[in-house]
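Which chain is which? They are A, B, C and D, in the order written, and residues in each are numbered from 1.
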Amino acid sequence: MKVLFFASLRETMACSELAWTSDQPDNVASLMTQILLPDGQSLASYAETESLLIAVNQQMVDGDTALNPGDEVAFFPPVTGG
Amino acid sequence: MKVLFFASLRETMACSELAWTSDQPDNVASLMTQILLPDGQSLASYAETESLLIAVNQQMVDGDTALNPGDEVAFFPPVTGG
Amino acid sequence: MFRQVDIQFEDFAIDEVLGTLKANTSAAGGFCFFAGVVRDMNDDEEIKSLYLEHYPEMTEKQLHRILDQAEARFGLLGAIVIHRIGSLAARDNIVLVAVAAAHRGEAFSACEMIMDYLKTQATFWKKEVTPEGDRWVAARGSDLSKEAAWGDSSA
Amino acid sequence: MFRQVDIQFEDFAIDEVLGTLKANTSAAGGFCFFAGVVRDMNDDEEIKSLYLEHYPEMTEKQLHRILDQAEARFGLLGAIVIHRIGSLAARDNIVLVAVAAAHRGEAFSACEMIMDYLKTQATFWKKEVTPEGDRWVAARGSDLSKEAAWGDSSA
């Protein structure tokens, strides 16, 4: 799987893209408990206080969404275009 | 007074502008009984079957509106700009 | 509010109008434009061209009265209305209403209200040239309903 | 429906977009445009410039999904969305939504719906450069309310 971060979350993570080679998580929520921020907290815990949107294969989803090898998973703050 | 006709009414009247030199009518409705179309019917009778808008001094009004010497009175069909 | 009303034979350029609105409004975040063009078909008849007549002494006043009402109702920063007159070919531009507002919701609403009022209150008349001959365009009842939907149709 | 989605560094020209819509839609009588520009003030801070980041693989898909919804809901004849990315100065154009419809009411509604959905669903992010330093623009709750008001916010 490929994991992407955008905008302020990209800066917080100090990372744009992450090749996920650890165990395949069942769903997005499980992946979020395994991704760690530079300060040591998990992305799941970060999302408890910060608004976070999730896309799997370029489609907006929620945490319950199942994941498969080869998926592209993206995390980002609410969008601000226009 | 000056009397103006526009668009299809201008064509029906075969006239764009008329200097009103007869007796000064009290109001628009009275003027309309005195204006005659080429076929002999009055503008008042024409307006019973055709939609007609009225402006006095470039302001939309209705037939009850009082008239004074020097007024510019205009008759025209519903507008179709835009 | 910055405003400009032009009744002209010439075509208009929307990018130029946006530039004028930008130059004369600060803090505007949203710009809404409506452009009307000559239809190539109307009531199943091919339209070859169009002749636009107006009531010169009144038209500009009416357009300013319409802008007064839009300004009173919405937080507008600027508005430009350009309406062409004379002979126009099928697909030519006829009218442009351009509005600048702090927020996009107001820009959309004000632009639509100005167009709806223009359709029923501005003293323009269209005559279509078709293969069957010339004919004055009939006013549409739906335009009166749209105007009435704004709740206040004084002009 | 004719459609075009462009994500680009370059500026856009509205008159050119109107020409493209005219060339690709017949029977269109009403054209509505919304242009968004970089504000020169935001939250009482002067904005010197703006940096626009996006999610390249996803943005275009999202914009097409938004156009799908507008097409299903309104009788649209054509739609063009252009969104700029990269570095922009204060008062530069950011976004253009252009819509052609048979009737003006549908043109206004479709253009506004596309903008409201774009604000909450298209994967763009703005970073403002102010005299106090850089900051990511915060999403606005009012944009979510506007999206929700259309009744169906699937994307």
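Keep this in mind: a residue touches a chain if its C-beta (ideal position, glycine included) is under 8 Å from a C-beta of that chain, and two chains touch if they have at least 3 such contacts.
Being a predicted model, the structure only gives us computed values, none of them experimental.
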Most remote chain, CA-based centroid, reference being chain D: B
Centroid distance [mean C-alpha coordinates] between chain D and chain C, Å: 23
Where chain A and chain C are represented by their mean Cα positions, the distance between them in whole Å: 48
Touching two or more other chains - residues of chain D: 36, 115
Full enumeration of touching chain pairs: A-D, B-C, C-D
Touching residues (chain side chain D, partner chain C) in the complex: 13-15, 18, 22, 26-37, 39-41, 91, 93, 104-105, 107-108, 111-112, 115, 146
Contact footprint of chain B on chain C as seen in their complex: 36, 52-55, 57-58, 61-62, 83, 94-95, 115, 118-127, 136-139, 155
List of chain A residues in touch with chain D within their complex: 4, 6-8, 51, 55, 58-60, 72, 74, 76-82
